[in-house]
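Note that chain A is present in both complexes that follow, paired respectively with chain B and with chain C.
What follows is the complex of A and B.
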């Protein structure tokens, strides 16, 4: 009988090992990990099978495995692995390889995969915003101009209508488009070879998306499930609060940004809804924005503290992890400090920090599809897929 | 013959449920002058000095200690000592005949008092019929013969020399080193057990050849091994002719031979040039001639095993996989070695192959800077003990890929080989395209192919019963490693069991220790094992011997040679003192000073057997093997298991020592049933003396015939198996038997 001929890819094994799964060869398939995992289903549970695929260099199998995304990376498996094979890190490494290779502009993926790409990533927005600053400085006749009434107004240099908004709108929708393509590609990869026959009533995918959001994202239910897993002796805080704080702060900040954008651009048509920036501190939207920023700091603090207190021998933290935490810290810090200096009327620090704030915010959004933050789309896609079709 | 016996009751150990004073009085009254001294001691252990004084003042020549089991306390006294087990097998295990727990408030139950009295009387008689044994010492030549010069043999030689023994090392080939010659780097020999290790064979060899106390004969074979431990006479065929040498003990390290390629032909060996065995692959690696970059190491040998099974089912004419052709009939009296090589040797070698193949797979990846893909397809990855650490290291290489798999076909396909794998850990069935396939090597012990020692024994030049164990000579893996069926010959290394080199070294050390112990024991005239230190030995009353040869043939250890007429000749240092010879003797000419036919017969006759079966109950005799059954009974008693009080237990050295006359004795005395309680026998035997319980079962058939002739139901004699850890089954075994006897009714000879 002719059957499938296996083609192990040794380079893939090496890539995975370099991406953080360096202990994957130690696995001897005892399946302690699959038993330890509170999320793994009883049928073909992960990550035991992923470990053997990784060891055999079965790139195709691993990359199209929806189970990679069902894992929420609590690390119970790595804590209990008798061989120190660190399955959680291998799963994370495999996801990192998807961030790297899934979508076009593979050069960004490459830069995003290790620290040596960081200067390039930084340089792109740094140059863009510097050029804008320089042009405006020439127009205004000063690098640090004050508004007519003597206040510090960032719009004097980084004028919304013609600089910030168009660049961010292009960046945002560009990132959205790339994410969409990535999610579509992943979706196709999840589908098994051959025909997919769905028995029973099938709802539109949006319904499944809503149920994922309501059931899992809003509640952060899976994080508690992870926590309820077997006793590992690990003394690190539940990730739920830190992660939820971040998710909610992002939601708030996205809402604030949308309102401000609406107020600004809509105000040009309907003057009554116009919002002037900078907003006074007592303005409800501003209050909400500052609450969001505080929440962001709390969440970031919690998650960073947790990651720092993980045992190095059981849980490696890779570049993807530190990049995301780092960029969020930088965005938050520069944002809050620039506001602080603005209010404190420190002209030059306020502008310099605002400039860096713009650079980091742009990095966060523009590189999102290749960064770990992409998981909010890819994992959601996988969760929706599994709800819709089940696991293959 | 003890003529003056002191009887001491150990009150502390017996407890208050017996009327000890009455028992003591009864003993004095019954035995009169034979027991001039009967005492009750509050604590026996504190009374030893007092007993020693009694021995001198009363000129006692025997002491009977009534209390705990002989297994619990050992008292060293200058005269013969016997124990009456009133604690475990009498008081603690007592229940009323109706099965109810005893009520001691109303005094000792009558059945318990009768039982205790029986046991004490039996003890007195046992001592009366017992003599101080007289050990038969031999010279104890302090020279050890090592047969085979591989890793095990080299280690054994150096170890024995380090202990001060002279060593004679006999190697069949022209060079030392054995199989290790082709394995310069092996699995680890010691801590920290993680990585491959150079074996430094040349160092090991020069340590042997350069040692003044070690004589090496190359190109030499055993011609003959006669005599007995302590004074073996070995004759070695060397290039210069036959050499005779006296040795005290022998360490057998003749190693293994590779299983014939024909067994692995169903997996392509010998048919597809790209399929090689692990041993061949090792040699190719040494020669640097491995160019394959995709290599499948197939540890699942189901294909080969199935082929053998199928061939056996469809066998027409001579079996393709069969051993040597049966030419024994033509050969007449001349010994013909049966070839015991078979497919099972492949499975026995699985652990060694698992470790070896991990090493080879890792090495080939290492040598090619990870440009090689080594697929290990196993059914059972067996890595013994601490070699788990080695496994971890070997596995941790990108090119080493492992999965459990059923390998269903290996076929050639245009310059490469396709390996079909099913039921894999990868969750799918698949084919592997490879440039080379490496198969495990079956390790066949040399003893399966040849009579390597060439014993000059009455029972033949080879170890007995090797066909039962596929040619491995180790006779008792768990209890007595290294021990073979020939006392004084200790097997070590792969001839005993396929093993890795570190185990071979450890094994060799162990076997040398046994050899040293054996020489010492022989020079003191005592048994080496399992009855270590036993000074007794079988003594023959040749006047009545009819030269029937039963003893010489049945001795599991070949201890008895004979002359032309068939008169047995004992080699005491070969003997393990089990008594199987005297169990065999129809004329009862064999006895031990402290264990003999008359003694046990007299004990049986000493039991009080009531005439009224209905009112006073039956009597059941239990002859219990003292190696497993007796301790199991003790443990049962200690754990509060109780059994019918109509049973009377007599320990025997081995069920093989049970002589049919004891059955007649018991039947004529009026016993209603006899239970032979001993070890498991058959393929997974647990008998200390290997054949004892099996021989007993065989002899029982003759007993059944006799009973039938006498008109006694043969079911009255039953042999039951018990393992030492089955103490919780003991009450069921005994009560079940007693109940069957009660249903049968009284022995027709009762009261005659």
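What follows is the complex of A and C.
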């Protein structure tokens, strides 16, 4: 018989407990959770095995476990758990620890892991945008300048070409790069030790990505599958509507942003496709943007209501959960309000809210790889990996 | 002031406590809710440790009661009020009408002539009974009871003409004086309808362990033949679901101590009836306290009994009234979805007092077990105090009797 010596990492257990898995030691390995989970496959189902890894401090096993990402956190396991060990919260906490430690700039990961890091997270963009505001105020001779025709134009202070665009382009591509690095690292972690021998024809990973997107992301099928577990006798609202609304709104808003950027910068080369901002309310792109914003609010409302109505004893909500919902609310609220004040011709509130809007949007994008929103890359990577190589 | 002892509950613990105290010269009153003494033990096919049928052990106790004029018992009775203090309690007892004559009358013919039927609670709904009934052949007192509500129209006419039946008998109340109280109110099987993920009692051929006891009992609904309730056919492939609602904070937050042993015993019932039967026991941990480990080894040595470590967390109806169970084999890390002819939920013991606290000065813990109260001369015995097997129940009855006697003597 092969003998293993387990090397428990007790600090890891403690970290995991602090991150939201505080009841994990109550687990007595009855395996109810693996049955409660409608997504867990028959071969090496989760989360029972993850619970014992967590309890024994097997950090390596847990961190490189693709199953962590196959879990969509419906909470059936926590509802049926006879000890109140809350496996779903442990899985979420383990994912949070991956957000925290996976990529470089670990100081951001540390800030992002606790509410006490929030001031720092806020201060970075607040200072950047304030400096820009101050410089432009000196140039314009006023903190709240009006355009030549008397309208409120945010570009007077936060001039697109020199301020917003470069900063956001750097932020966006920087975040993309860090996410890419993170996903690559996660991918390597998923691979079992030694050589991975693939028998048969293997398609390019993009093919698997497309099938994940078409089969799971577009349809949000897993959220319905989550409902197929044993009857828990407890009502936990489905997240499908709220989550889908958010995903679609993000897609729309990303498309709108891309079109506007293309129209703006492309317009400098081909004048016929130029788009001027602010766009009139009847402009198709503006209409699409406002539909996206409305969808964002609906999705956010649904998800926030759901989280608030969860039974606290079975489903804890951590800082990662509230940070993401909070930042989205702030982005949406400041965006809508600044537009409202601009149209209502309230000069000072419009600029102040627009400033906060920029701060929160920057926070959303710049910290994305360390926040819960990173799941859209990491989980997708795991889903693609599992389609490509199966689970190890 | 009184030297008498009031015993609530006429099951094994209550009877034992009563007899032990009476044999030391104290007047004892047993107050039993059902029409007969014997409690849960009377419902079993065989009981530990020697696999006696209940008639055996209970018969000795009933003999001791018959011979001892100091033991008085009330059946169909409930303590509805208790006032006073240690050494001088006044108990108000409500006596529900039995509606039959006070002596032993053989009502077999009359009972079989009745048409009205109702679910037989003694068989946990596995059979029907008539309005005039006696749940067990060794019943003590050996008298029928008439449940007037289950009489059909024609029954009412029949009963009205019959001798030795008093359909119009009314409830009565009596007041007793006692120095101390022994609470031996016992237990009930955990309500399977609350186990939503285990079928909530709605899955055909998914029965509880107590129902299996009734099926195995020669005085049960099938005269001892273990068959599937849906089609009366003998099952060949059976699963036991351990900890069904036990060690579970959503249900009973404790181990009932005896369900593992009950399952082993029931494995032997099944093997005795059909040596080719295949049995699977799904468990979290197998608990065989003390010498019972021999029993575990005996069952484990059976080639047709297999054990899987993993709690069943989903029970659904399968085709042909079979039962599909889902569990993870936690040793091998595989989810099993297997179908059986019969599934037995090894449900735990819930203290009877958990259902709703009676209007008595009793202190209960969060699970409904009696906790404390000895300083005021109230002693718990048997499963009202904690889950126990019959042997330990008898011991706890004796212990309560001893405490009770010392309390009234020491005044």
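In this text, the second predicted complex is superposed on the first by the 387 of 392 C-alpha atoms of A that agree within 3 Å, B and C clash if a C-alpha of one lies under 4 Å from a C-alpha of the other, contacts with A are read in each partner's own complex, and residues count from 1 in each chain.
In the analysis below, a contact is a pair of C-beta atoms (placed from the backbone, for glycine too) under 8 Å apart; a residue touches a chain by one contact, two chains touch by 3 or more.
Because the structure is a prediction, the values reported are computed rather than measured.
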item: Combined model on chain A where chain B meets chain C, clash or fit; value: clash
item: Which of chain B and chain C A:282 touches, first, second, both or neither; value: neither
item: Partner chain in contact with A:30 - chain B first, chain C second, else both or neither; value: second
item: Touching partner for A:6 - first (chain B), second (chain C), both, neither; value: first
item: First, second, both or neither for A:56, with chain B first and chain C second; value: first
item: First, second, both or neither for A:272, with chain B first and chain C second; value: neither
item: Partner chain(s) touched by A:42 [first = chain B, second = chain C, both, neither]; value: second
item: Chain B versus chain C as contact partner of A:83, first or second or both or neither; value: both
item: Clash-bearing segment of chain B relative to chain C, given 110-118, 308-316, 416-424 or 506-514; value: 506-514
item: Touching both chain B and chain C, residues of chain A; value: 28-29, 44, 49, 83
item: In the complex with chain A, residue positions of chain B that touch it; value: 370, 373, 375, 391-392, 395-404, 420, 425-433
item: Chain B contact footprint on chain A (complex, rising order); value: 1-6, 8, 10, 13-14, 17, 25-26, 28-29, 44, 49, 52-53, 55-58, 83
item: Partner chain A, residues of chain C touching it in the complex; value: 194, 196-197, 200, 243, 247-251, 284-285, 309-314, 326-330, 333-337
item: Residues of chain A that touch chain C when the two form their complex; value: 28-36, 40-45, 48-49, 80, 82-84, 229-233
